[in-house]
Amino acid sequence: MEFTNTTKVFTCIQCGKCTGGCPESGRTPLNVRLIVRKNQFGAQVKNSHLWYCTSCGTCTVRCPRDVKPSEVIFDMRSTLVESGDISTSIQKALENTFLQKNPWGRARSKRAEWAEKSGVAIKHISDTLEKRLLLSCCVHAYDPRCHVIPVNISKLLTYSGIEFGILGEEECCCGNEIRRIGEKGLFEELREENISNFNRYDVREILTLSPHCMNTLKKEYNLPKLKVYHYTQLLWDMIREGVVKIGKDYKKRVAYHDPCFLGKQNGIFEEPRYILKSIEGLELLEFSRSRENSLCCEGGGGRMFYEVEVQYERNAKIRVEEAYELGVQTIVVSCPFCLMTLEEQAVEKGIEVKDISEILVEVLE
Amino acid sequence: MSYGLIVADVRKGTFDERNLDLIGFCNILEVDAYILLPKGDYDVDLSYFKRVIRLNMEEADFLNPLNIGAIVEKTIEKFGRPSIIIFSSSSSGMEMASYLAGYFNVPIITDINGLSKEEKVFFKSCYSEKVYAHLRLKNEGFSVLTIRSGSFKQHANKKCEVTETEEMDPPTLSEKRSFLGYVEEEKQEIDITKANFLISIGRGVGKKEEIAGYEELATLLKATLSASRPVIDKQWLPKERQVGTSGKTVKPKVYLAMGISGAFQHIAGMKDSECIIAVNKDPEAPIFQYAHYGIIGDMHKVRDKLKELLKGL
Amino acid sequence: MKTGIFICHCGHNIKHTVDVKELSEYFKEIPNVYVATDYAFVCSEPGQEIIKESIEKFELDRVIIASCTPSLHGELFKDLLKKSGLNPFLLRRVSIREHCSWTGDDLKKNTEKAKKLILAGLFSVVHNLPFEEKVVEVDKSALVIGGGISGLSAACFLSKMGIRVYLIEKEKELGGHVKRLNNVWPYEKTGKEIVESLVSELVKADNVQIYTGARLELLEGYFGNYNVKITADGEREMNFKVGGVIVATGFEPFDPYLKPELGYGRDRRIVTTLEIEEKLNEVVLPEKPRVAILHCVGSRDETLGKSYCSRICCINALKVARMIKEGYENAYIECFYMDVRAHPKGGEEFYEETQVKGVFFTRGNVAEVVPLSRCVLIRGEDTLLGEVFEKEFDLVVLSIGMSSQSENKRLSQLLKVSLDKDGFFMEAHIKLRPFDTAVKGIFIAGCCSGPKDVEESINHGKASALKLFGMLNKGYAYVEPFVADVTEKRCSGCRMCESVCVANAIKYDARKRVVKVEEAQCMGCGLCNATCPSSAVTLLGYSDMILMDEISGLLARL
Amino acid sequence: MEKGFEIKDDVNIVGFTCSYCAFKASEMAGSLRLKYPEGVKVIQVPCSSRVDPAFVIKAIFEGADGVFVAGCHPGDCHFIKGNYFTRRRIYALKEMFEAFSMKGRLKLFWISAAEARKFVEKVTEMYNHLKEGKK
Amino acid sequence: MNIVVFTKRVAAAQEEELKIVRDGEDLDISKLPFKVNDWDNYAVEEAVKTVEKFGGQVTAISLGDKESDEVLRRSIAMGAKEGLLIRKDDPIFDPAVRANVAFNFIKKHNIVFDAIFTGVQAEDDQFGVFGGYLAALLKIPFASMVIGIDEWKTDHVVVKRELEGGMSERVRIGIPCVLSIQTGINEPRYVSIMGIRKASQVERKVFDGSEYMENIRSSIELLRWSYPPKKEGAKLLSADIDSACRELLEILKEKGVYQ
């Protein structure tokens, strides 16, 4: 496939910073720098190479010339999407998202099924005063394992008297992954649907449960007046201000895994660590690659729906192995994608993977 | 008295078991069962039928939908009008039935899986088994029906005292469609999405050495081996065997999941299978929520037992 | 009024897309235009002769030259008018080359446009007044801000030339960054030695005042007469007067914490070039140390807002490599670079020598530095091989670049000198006036205007000093006559102009209840003119009448 | 002129350009032989803040289809903050223009001395916009 | 090579709980999302692929309410030249009626084609009749369950038909003909939203469906809807491995995957 280039690629100086930090380059056929180089000349790029990118954003964050290599990749993917030449699993995810507003194609009517598990009364956003919207990711909505996250957060909020509401079956995929897969038209539609929902219910702030949703709402929705934040930020505020009190200890060796979309792309490193540090007995360890250098779990950028050609050691496995060597008992995450990918590998090593809210719920007074 | 005309479901010289459903259907409706059969030595108990019409034609021509109209015309000429003409809901049965209905421009109901005799109402499933439609025929002449296999075979229990066998010459055969032959399935690359029967193994398999045993089991059962992501990640099986959102979405007739706990991404890739059988040590494994049948037990033991039974057979 | 219009062909440059003949014919018909003529090169000797003759012959009192843009040949034509006995401010230049013949291809349309442009000049030149250029006395003294290598060099030069020098330095000691360098390439001298020789010279001189721990608080006035207020040693306040200023505030080393992926501050095995140069002997290394040197840390990085090349860090990196190699013969040293820019003279040879000495060079901007217990792991791409590498080292040296001095922002407000987007002081013109600022009498020296190496900084300091000296030494200065002028009769004393004047040139006369303009201080922006509700303030040279009639000319219907 | 709906070929734009930036950019545009419509004519002012709203209005009265004021990028003013005054003044003036449905006929550009291409881009864009509007 | 493809817009019910309302008289599908019938999607792709190879054009026809325009836009985005909508706002349940309407439409407008492609069946009613019925009305040859087109000549095609038990047969069919396309024959291309937006610029002709309904009456009466017998969770086989395995083999036999 031939690709047209975006303007900024011409300023690339081929320094290799993108490739060097890329969680996929070097182990898969992906070489970010080479893709940018070829894109400058409109040269041939093997289609499959584009799909290794996990959209972790490392290249874009670090690029000294602000070329935004990941955007270059998304643009090139978009050419593939427009031509219809994409793998069936990606195709399915896109068609599902078009149809049911989630990539799994699960019924929209079951979007808020998790709410029944919470045991607390959850209001629709229209019935709230403060118009604080709790927005779940499609993963939270349909993956039974991840239901626990919205459940925990709504319990914590309800017990602390913080009002919030949900959209229920009107909730719709945020489109963060869709844009990264290259389906710009669909992203626009999702964005429009979401914005019209926010407007209809006069939403004032959005509590996002997934860093992916937070990222796109903050950076790609162009809603400057809307306050968007991640639940770890709110939880830390609640702990700091004594709204929730930690009453029990958690005697485990714990390592926190920085999600790409929360950490390196949005600079939220401290809040989750503050939360963990405020728990008695918990020993917080750090991975060798943490914070800005955190290792991507490979869940984003469409990789959840696409199986790459080559087989190689998964980052999640590398992560779990380091945790094992460090003697970590629990890997703590704050992103549903990380939870799914890491847990898959961690089970074998006997290491637990928990969402930060799960730990918090355990140690509350 | 009017009769039900069964167009036999035959293929490669065998008389398919599915025909029993057609006989059972006639029995419930209490109509005489006539059957149309092509040339050939079929292993069939003819006493089920009131009348057997042997057509002096090849099986392949018999199965050509372009001929069925003329055949039925000829039959009517000879034996009067049937009240219903029934086919099984097989690949060729459906093909012939729809063409025949159009030929006479008569009503047709396909894939009937139940009926209420008193009301003369037929049931057929719609929206992938989500609902049944209750349908009644209003026409005066005959209608064409196709019957889902397995729906009525238990009613194929009435024998006729007298079975008349008639030979009949075929009508002029259509030249617009001709049978060229069966396609010998060359041993091609495994495509798990096309397999009818998948044995899928998961993390529970434990060691690479165990894989061979499952390959053997699959061969014995003429099944295709697939796997969930952890097995693929370890490179114990090639990538194209992976079931799940990031692998392939499959819809086999039978999906035998062994040692798969049922992660969300995996379930999404196989939940539409017709019949899911799960084998897992953990009775709490989510896969049991999606399975039709379950065995709680060690997957290796089940494997070995099955192999033993199969070899013993 | 008697006006002469001279239209230049500029060879083919104007003629090929503007019908110059039609122009001169057209303007001949206009009343008060005594001469309208076109000529191949008006700026040539014969061209000038035509103008001179015409002025004399027709006793012209206004001259319009329609040719290239006014910033070219400015002095030439002014002098021509002076020579012809006409006040040079009665000349009006109209740009029909840069703004007309070169921007469109249609001869007809261009000719129409040129007509309007000349017409605008014709309409407005009527209001031009015969100004006299003003002369003021200058104080032969200078303020040097910054006691680094370029400030010291400038101060030494000025002092030697007999200019009184006030040198202020914000740190407790003079010498800046150079003082910390063990080895100044290519002098093979220590920085301390260089600095000390300059400082001792200054200390000996009797016309130099040095203030350390000092900071500029106020600078008011104009070239030749600046009032300065400083605080020294934290509290002591001082006031003095200087003729000119040299800004030599230098740079700040790049803060490597801004590149968190490089792990600075997380492990003592990750250091900067400056640190390693200062305390190489304090670093404990194995016998065969493995050392990685990372180029371009904090340079050429748009995402950090530092898109420039710091120029010195490649040589610094090479220097550090050589230093380590000298201390540890068996050291394995690998430099990771994007491009090696061995700028100064001899730099390329130095690079080659370093390669010969066994230092490896890998092209690739290191992506990540991960400190582990057994080593420091670096990850990046060898872009020439197209392969991703992970390599283990005992020491990682970050060759950090230069950032602009954070103090510059405050100073730029005080001095009214602009900063560029990177926070460095802006030159008046990068090539033609590299030591000047846009403010007369204020010069820049050294790294405050952008990264420079030691040699360049010294030269830059001296050059600035020389330029300032040249101006101060005259003893007097011309002041631009295009200043604001108040018509007292119209002034209502509302003082709005005073409130907007950035140059503090407008003073309120409480007795007369009107404002007046300190001509010497006025910068001539015209904001007051546009602000005055009663049209009492006029910016000479750009008066309302001039501009209004220029508008009419441009929009005239022919 | 007539009538508002008359189709007019030439569009007249008067630009006030600061001598430290936009005027220099316009000079450079010429030197680079960049093309822009003849209807665009510039007047040099010492600083964009010299532009009196009366100039703008006069230009419109005398038949200009559009007026632009071009100064240094905010923060880069030679006179330290002249262009901030310009910005405020032109914004106020723009509101007035909007009230008279003349939005688009007054523009404020930030063009540095180095941005010759931007100068051409901006004036051409404005020219085309106004020309469209005429039709 | 002119190919006409019939394509239908259906409710996507796979993931949903279907609600039977008004005492079984009606199905509530108002809240369901709608999409193109899966089989038809393959048929459109196969038609487009065929003309890409042999030239000609694809015409997509949909019989349904005005929203069915959506599947026409989609077909155009995939490569169909034009889209025709036979608009009939009340759903037609009886496949015989649908086929007769299509027949009348083709006759009335004298639509010329080399082949008509349809999906094997529609996801909603799952009759699987339309193609064969229409072929018989048109008196042209027909093949169903087509999983491959091996040869395409001026007067005939050779197609592969899927049979039971992993078998398939190859038949030769004269042109013009009707082919009912089975899923899996190809990999339908992805149609991006941008592609659909672009396709919307191609005009789709709309015809009033009732004009083709003269003298057509349905002989099938839809009495009511019911739910199938409730499916339990996994039925657990014996705890004893030996008997559990025997039971399992029985199930496999019953399902027809193992003899």
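By letter and in written order, the chains are A, B, C, D and E; residue numbering begins at 1 in each of them.
To be clear about the criterion, contacts are C-beta pairs under 8 Å (C-beta built on N, C-alpha and C of every residue); 3 or more make two chains touch, one makes a residue touch a chain.
A quick note: this is a predicted structure, and the numbers were derived from the prediction, not measured.
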Field: Set of chains whose contacts include both chain C and chain A
entry: none
- request: Find me the chain with the mean Cα position closest to the mean of all the protein Cα atoms on display.
  value: A
- line: Heading the list of chain pairs by contact pairs is B-E
Message: Let me spell it out: compute each chain's centre from its C-alpha atoms, then which one is farthest from chain B's centre?
response: C
Query: Using mean CA coordinates as chain centres, what's the chain B-chain E distance in Å?
result: 20
Field: Whole-Å gap between the CA centroids of chain B and chain D
entry: 78
Message: With centres defined as the mean C-alpha position, give me the chain D-chain E separation in Å.
response: 62
- line: Distance between the CA centroids of chain A and chain E (whole Å) is 38
- prompt: Of all residues in chain E, which are in touch with two or more distinct other chains?
  reply: 14, 16-17
- request: List, in ascending order, every residue of chain A touching at least 2 other chains.
  value: 88, 105
Task: Give the pairs of chains that touch; include all such pairs.
output: A-B, A-C, A-E, B-E, C-D
Field: Interfacial residue positions of chain A with respect to chain E in the complex
entry: 81-86, 88, 90-91, 94-95, 98-100, 105-110, 183-186, 188-189
- request: Within their complex, state which residues of chain A touch chain C.
  value: 13-22, 25-27, 31, 33-34, 58, 61-66, 288-289, 291-293
- line: Given the complex, residues on chain B that touch chain E span 11-12, 65-66, 69, 90-92, 94-95, 97-103, 105-111, 119, 121, 123-139, 143, 150, 174-183, 185, 193-194, 196-197, 221-223, 252-254, 256, 272, 274-278, 288-298, 301-302, 305-306, 309-310
- line: Note: in the complex, chain D contacts chain C through residues 12, 14, 20, 24, 26-27, 29-31, 33-38, 41-47, 49-52, 54-55, 58-59, 62-64, 75-82, 85, 89
Message: Going by the contact rule set out above, which residues of chain C touch chain D in the complex?
response: 69-71, 95, 97-100, 102-106, 109-110, 112-113, 116-117, 120, 413, 416, 418, 438, 482, 500, 502-503, 523-527, 529-531, 539, 542, 544, 547-548, 550-552, 554-555, 557
